[in-house]
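To keep things simple, chains are lettered A, B, C, D and E as they appear, and every chain counts its residues starting from 1.
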Amino acid sequence: MTSVWVKRKSAKKGRSPGALIHVGDVHSQVPRITCSIYEGFLTSRPLDDKSVLWLSVEGLHEVDIIRRVGTIFGINDLVLEDIADTGHRPKVEEFPDYAFLIVRALDIDPTTGRLSPEQVSLILGKNFLITFRERQTPLFQPIQQRLALERSRIRVSGADYLAYSLIDVIVDNYFEVLEKIADKVEVIEDVVVKGPSRSTLESIYQLKTDLLFLRKSVWPMREIANRMINGDIPFVRDTTKPYLRDVLDHTIHAVDTVETYRDIVSGMLDIYLSAVSNRLNETMKILTIIATIFIPLTFLCGWYGMNFKYMPELDWRYGYPMVIFIAVTSAVAMLIAFRRKKWL
Amino acid sequence: MTSVWVKRKSAKKGRSPGALIHVGDVHSQVPRITCSIYEGFLTSRPLDDKSVLWLSVEGLHEVDIIRRVGTIFGINDLVLEDIADTGHRPKVEEFPDYAFLIVRALDIDPTTGRLSPEQVSLILGKNFLITFRERQTPLFQPIQQRLALERSRIRVSGADYLAYSLIDVIVDNYFEVLEKIADKVEVIEDVVVKGPSRSTLESIYQLKTDLLFLRKSVWPMREIANRMINGDIPFVRDTTKPYLRDVLDHTIHAVDTVETYRDIVSGMLDIYLSAVSNRLNETMKILTIIATIFIPLTFLCGWYGMNFKYMPELDWRYGYPMVIFIAVTSAVAMLIAFRRKKWL
Amino acid sequence: MTSVWVKRKSAKKGRSPGALIHVGDVHSQVPRITCSIYEGFLTSRPLDDKSVLWLSVEGLHEVDIIRRVGTIFGINDLVLEDIADTGHRPKVEEFPDYAFLIVRALDIDPTTGRLSPEQVSLILGKNFLITFRERQTPLFQPIQQRLALERSRIRVSGADYLAYSLIDVIVDNYFEVLEKIADKVEVIEDVVVKGPSRSTLESIYQLKTDLLFLRKSVWPMREIANRMINGDIPFVRDTTKPYLRDVLDHTIHAVDTVETYRDIVSGMLDIYLSAVSNRLNETMKILTIIATIFIPLTFLCGWYGMNFKYMPELDWRYGYPMVIFIAVTSAVAMLIAFRRKKWL
Amino acid sequence: MTSVWVKRKSAKKGRSPGALIHVGDVHSQVPRITCSIYEGFLTSRPLDDKSVLWLSVEGLHEVDIIRRVGTIFGINDLVLEDIADTGHRPKVEEFPDYAFLIVRALDIDPTTGRLSPEQVSLILGKNFLITFRERQTPLFQPIQQRLALERSRIRVSGADYLAYSLIDVIVDNYFEVLEKIADKVEVIEDVVVKGPSRSTLESIYQLKTDLLFLRKSVWPMREIANRMINGDIPFVRDTTKPYLRDVLDHTIHAVDTVETYRDIVSGMLDIYLSAVSNRLNETMKILTIIATIFIPLTFLCGWYGMNFKYMPELDWRYGYPMVIFIAVTSAVAMLIAFRRKKWL
Amino acid sequence: MTSVWVKRKSAKKGRSPGALIHVGDVHSQVPRITCSIYEGFLTSRPLDDKSVLWLSVEGLHEVDIIRRVGTIFGINDLVLEDIADTGHRPKVEEFPDYAFLIVRALDIDPTTGRLSPEQVSLILGKNFLITFRERQTPLFQPIQQRLALERSRIRVSGADYLAYSLIDVIVDNYFEVLEKIADKVEVIEDVVVKGPSRSTLESIYQLKTDLLFLRKSVWPMREIANRMINGDIPFVRDTTKPYLRDVLDHTIHAVDTVETYRDIVSGMLDIYLSAVSNRLNETMKILTIIATIFIPLTFLCGWYGMNFKYMPELDWRYGYPMVIFIAVTSAVAMLIAFRRKKWL
């Protein structure tokens, strides 16, 4: 799992900057390109000043597509390099003709139950938005559906509002991920308090690394939203800013929640460790009770098992009843002592 | 319990912003709306410039009420969305005609002994205050009573002073919660030092998560109070600011106290863990003392329990007294050794 | 002990601000009011522009006294409320006619050995200083003595210098407290390294909470000194500022020392825990040595204690010497093995 | 390993500043000096305004070389001292005629698997760059190769671009190091979860110190890149700044990743410790099961091994079968009890 | 050792400020005063504008000397108090006619191996420097030697350069101390990994407190150097500032290194604790193996040691060989099981 932290960049070492090399794990699918143009209504007319173009590229391993798109829209080489090199830190960069955003969409992989990150790159121009994704999941489907609706605000609101909508979907997804993590936390919480097993530890460790990754992904979103609001990017209009402020608000909430869960999970580890100690204690108590009761009795038996010729007790008439009495008394005394210590 | 951290927002994903969906746990009660108008005296006259209107909505699951109130007072859709979506982070937002505040009231649920949060939303206009609450608890009763008094300062002091009074009640409640937590801490402190049980651990863990939540709720109140004082909100008059400064002061004190308790509780966990270690040690000592005293004696008995034909000691006249002597000497020697080690 | 963190404020909830309710633990003593007027010399003449008045109130539970003093000097209601409500965070507040300071004096209670805090409130006007204390301890005696001296600088230096002198005494007291804590730390350090007992843990825990409280008390003093130096308060003259800078210097030193001790004490806890582990290890070693040596021997004895009819060894001439030889050899071999493992 | 933290500087104590003494570990190799001059093409003509000179010194133990280079280019004595004194903190210093940079190149030593740091000093002038390295590794080979290519951007872009290229290679190397650490982390992660051995602990400890050193090396690179971008150094032209911004971006990513790994590694330590606890628990369980089953049985045998004359059971016809029955019953009861406790 | 944190200041409590009381541990030596005057050459002529005077006082317990020096040079009473009161936090204060610096020189006491701090106070005037030290160690000897050299830069460079030289010596000493600590760390690192003993723990604890103290001493040096560079002190000329920047650089490096060692040492504590756990585990394994193999065998022997009259096995011809077979089989089975668990 931890390999997601560092994508293999060795291939790029020593290359001149701007060299286009795909760094990522997803290679299998055929890239899919979809293009929507609208100016209040969806259209296929050539792009003019009022219309908005959304070009969506899904699948990055064929870097040639990235290069061609880059040439058509006049995108800087370093930007194209960052698009191909997934595993980048979320960030925002301004250029004279466009703004470049990297954000990270997150999902829980249903098979492994672990976090599955995806880098989404956005190039936001005056009246166009280009998105690059690694996968072909239905992440942006709700947006496409709203775009298909006739009177949706999205259609009449420009490329910046479209970018906001996409980012909003991604941030909303964080909460879905957090809910799934909340479910896990509650399950583990129960297990830990009732009686943890070895696999509990692994689950806690996985939660911990997932939350670490979550934080690493969500944290830079604050800066991105902040810079979009504070007017660094000319293509973001003032009418879109209240919506971005809402996104910032949600991002802060997400960061906050992640931090809280991290504290909770590390608290659970303490509980787990002390539950293990408790169990050790219980085991030891049983052993000690057994040993403390029987070892003296066994000694007693051994004593009268000795074969000395001259051992007067062995010939006594009431030797055996005496031994029975001693044994019972000693055992009862022990049991009382343990009850006083609250061991029984 | 941890589910309070993330309210289920999945239902909202992909919806256009401003969609009114209630996100919260409280559904059962019929919403209650109360309205007070006063201009030095309580009145039912229509609202004019001098009079103050307090509209209080308790119960949020019928979002239609929120929408209608929103329409009447001209409230932004995003604000209404935040009101319906409880579990929000406390915050303050200014709009041209009103300020929007989310604060979190806290209480200790008497049945479970755990924290029970409630989101209180305030919309503060020039001469009106609208409050939205999830529940119908007597939280604001003291204010209503003071409002009913004829010469109360609250009646002659405008909507901002009313808002301050409500926030003050909520902040004062934090101290009540802190007192209850202080009581718990003292109880657990005693138990931990004297002899902790398994349930102690659970109590410590619960205290820890409660304090975590408390901090998360109280912390943003500082910013809210600060921004109300620093003139961000035009509807807060200068005469109300000394009172808000007092609220800020209390909030800082509450934050401080929460931090202190968090340190104390994590200190208690250390004590608990080492108390468990100590008990393990004690158990082991008992076991070791028993074993160390009796195992050699048992060996001795076993030795003279052997059935060899030619074992001279068995036929000695003083064989048995000799064994008694050896056994007593060895046991006494052991006891002295243990006393030297300070085990007895 | 932890109850000192949160004074019971429940009684105040829902009351209008400025309601005078004493919140504190000290109730028994009769309040004592002393008044000194001087203008280079002690005088009983009515107050004029050159003379300085020091009004000292010791004992806060009769809130009527506070109210009357407040009325005479025209003190704000919120200030009076803070004076009566001990357990406040140290702070400084300016008003047009006076400055209001809350500082916390600390002492070690000689009977319990724990920290004993006292809230001291100062109202500093142009030529008067009013002090409110909870107790009647000789804390300010040295100042009173210096005031009684004919040529003391304190007599010719105005109310601000008098306030500085009192704060200086309080800060100097912090170092006395720190010295006593240093003594405790050294004692516990010794005990921990040599052989800790159960009570050691409690002492460490008490030190920890005391240091926590100490930090909470000393930390805000920095801000108080800073604001007095930086000219926020008009009644502090420039000639007094070098002295306040000295106080600030001492406060920073105190904060620093508290932090250092906190690190040392948490280091001691680690040592304590590992000393406990070490002892467990030692106990286990003894048990293991005893068991490892005797269990095989006991088995040997048991073996030849069996009653089979056809057991040739029992009838051998040298059966018994053979067993003796085996037993001695086995025990010696074990001892050598343990010595190699460095257990003996 | 830890000796890399503090290079032996004792030899320098009390010397006047600027005294040239080599402080470092690498002494064996003969220093190698290479010089490249280019002005679009590689040349051997004397340096003029358009041409760029790269003087590379590899091997620092002959301080005379440093001194001579310093004299020729008019370098400050304190700078030369810092060049010779490897183990310096990365930093940047401006001088009127040049800028002085210390950066740290990192590699994983293939024999020990540990971090192997190297101090690289750069002196960047208007049209010259002098680099000082401790070793003669092929670190800068890719740059030399690109310099040898006819149409490389590096050749036509000035000394600042060359400096950027070298720093870029060094930062790219950090990711190579991080990848190797990621591999190690994944290996150890597996081992820890499956069943750690003693050497695991050592590996974790080594990873920890390596990450500590990594952070110490990477962290100041942010400041270096930042200051080069923010125009502190006149020799860095605006055209080079986008590239430096890229370096800054990578550095932040590296710092981020190092922090994440540190969190992961300390998480692994917790897992390791609790795995050890788990194993102890398992051992104890086995011991307790064995002892709990057999000790009572052994007592039973001892009991009827006693040699009393009057022991009626011994003479019973069904005494022996009775004992067999008791023994089997007791053992089965124990096994059932253990199964209920889920120990078996 | 910890007593160095708080020098006994109780004697000063309640005294008026500026009261000269020596607070420190060094009392035995006779104070030594040396005076050097130079203006390019060493001279005994009376002080004029060009010459520089260095007055060095070693030994502070005779406060009369401090007072007299103070009177001659017109030094503020609060400054003299700080000089006598060793154990002060390093700081810098400006006065119209001089600057007052407190720095802390550190050494490793060769007998105890612990840190031995010394407060060095410097009063830097336009052409004089007064130094106060507690001890008469050869700390400043290299400076005195360089001063004795005819063409040393120190002689022609004014009092500020002399002050820099002394501070430089002190900072260089930090690295010597750090080297000694590095040696200790490496020794302990080895011991911890190979097999720690009880004294290891004490060494780790001592290292920890020493590093704590080191940090407390070195940290404020940054501020001192910073303020001397940033022109707060008029007596520091611009020509001396590059040297002070070098000192600042070294100080930052020292702080950095101290922090790194603190991390390493706390890492070692973890290793130590888990090594102790490991050893406990090993002990337990031995005990369990012994017990698990022999307890069933002993039971077997006990079984056939019973004295029942009717025990058919005892009379069997092959009863004894059968028991031998069972015993050997059971022991071998156990050994195989343990090998499978990798315990052997």
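Assume contacts are C-beta pairs under 8 Å (C-beta built on N, C-alpha and C of every residue); 3 or more make two chains touch, one makes a residue touch a chain.
As the structure is a prediction and not an experimental result, all values here were calculated from the model.
Participant: Could you tell me which chains are in contact with chain C and with chain D alike?
Facilitator: Where chain C and chain D share a partner, that partner set is E.
Participant: Centroid of chain B to centroid of chain D, CA atoms only: how many Å?
Facilitator: Roughly 41 Å, centre to centre.
Participant: Whole-Å distance, chain C centre to chain E centre, using C-alpha means?
Facilitator: Taking the mean C-alpha position of each chain, the two centres sit 25 Å apart.
Participant: Residues touching two or more other chains, restricted to chain B: which are they?
Facilitator: In chain B, residues 273, 277, 280, 284, 287, 291, 295, 298, 302, 305-307, 311 touch at least two other chains, as defined above.
Participant: Could you list all chains around the ring, opening with chain C and heading toward chain E first?
Facilitator: C, E, D, A, B
Participant: Going by the contact rule at the top, pick out the chain E residues touching chain D in the complex.
Facilitator: Touch list, chain E to chain D: 141-143, 145-146, 152-154, 168-169, 172-173, 175-176, 178-179, 182, 185-186, 189, 193, 242-243, 245-246, 249, 252-253, 256-257, 260-261, 263-264, 267-268, 270-271, 273-275, 277-278, 280-281, 284-285, 287-288, 291-292, 295-296, 298-299, 302-303, 305-311.
Participant: Sort out for me which residues of chain D touch chain E in the complex.
Facilitator: Contact set of chain D toward chain E: 2-3, 5-6, 8-10, 12-17, 76, 78, 88-89, 91, 93, 198, 201-202, 205, 208-209, 212-213, 216, 269, 272-273, 276-277, 279-280, 283-284, 286-287, 290-291, 294-295, 297-298, 300-302, 304-307, 311, 313-317, 319-320, 323.
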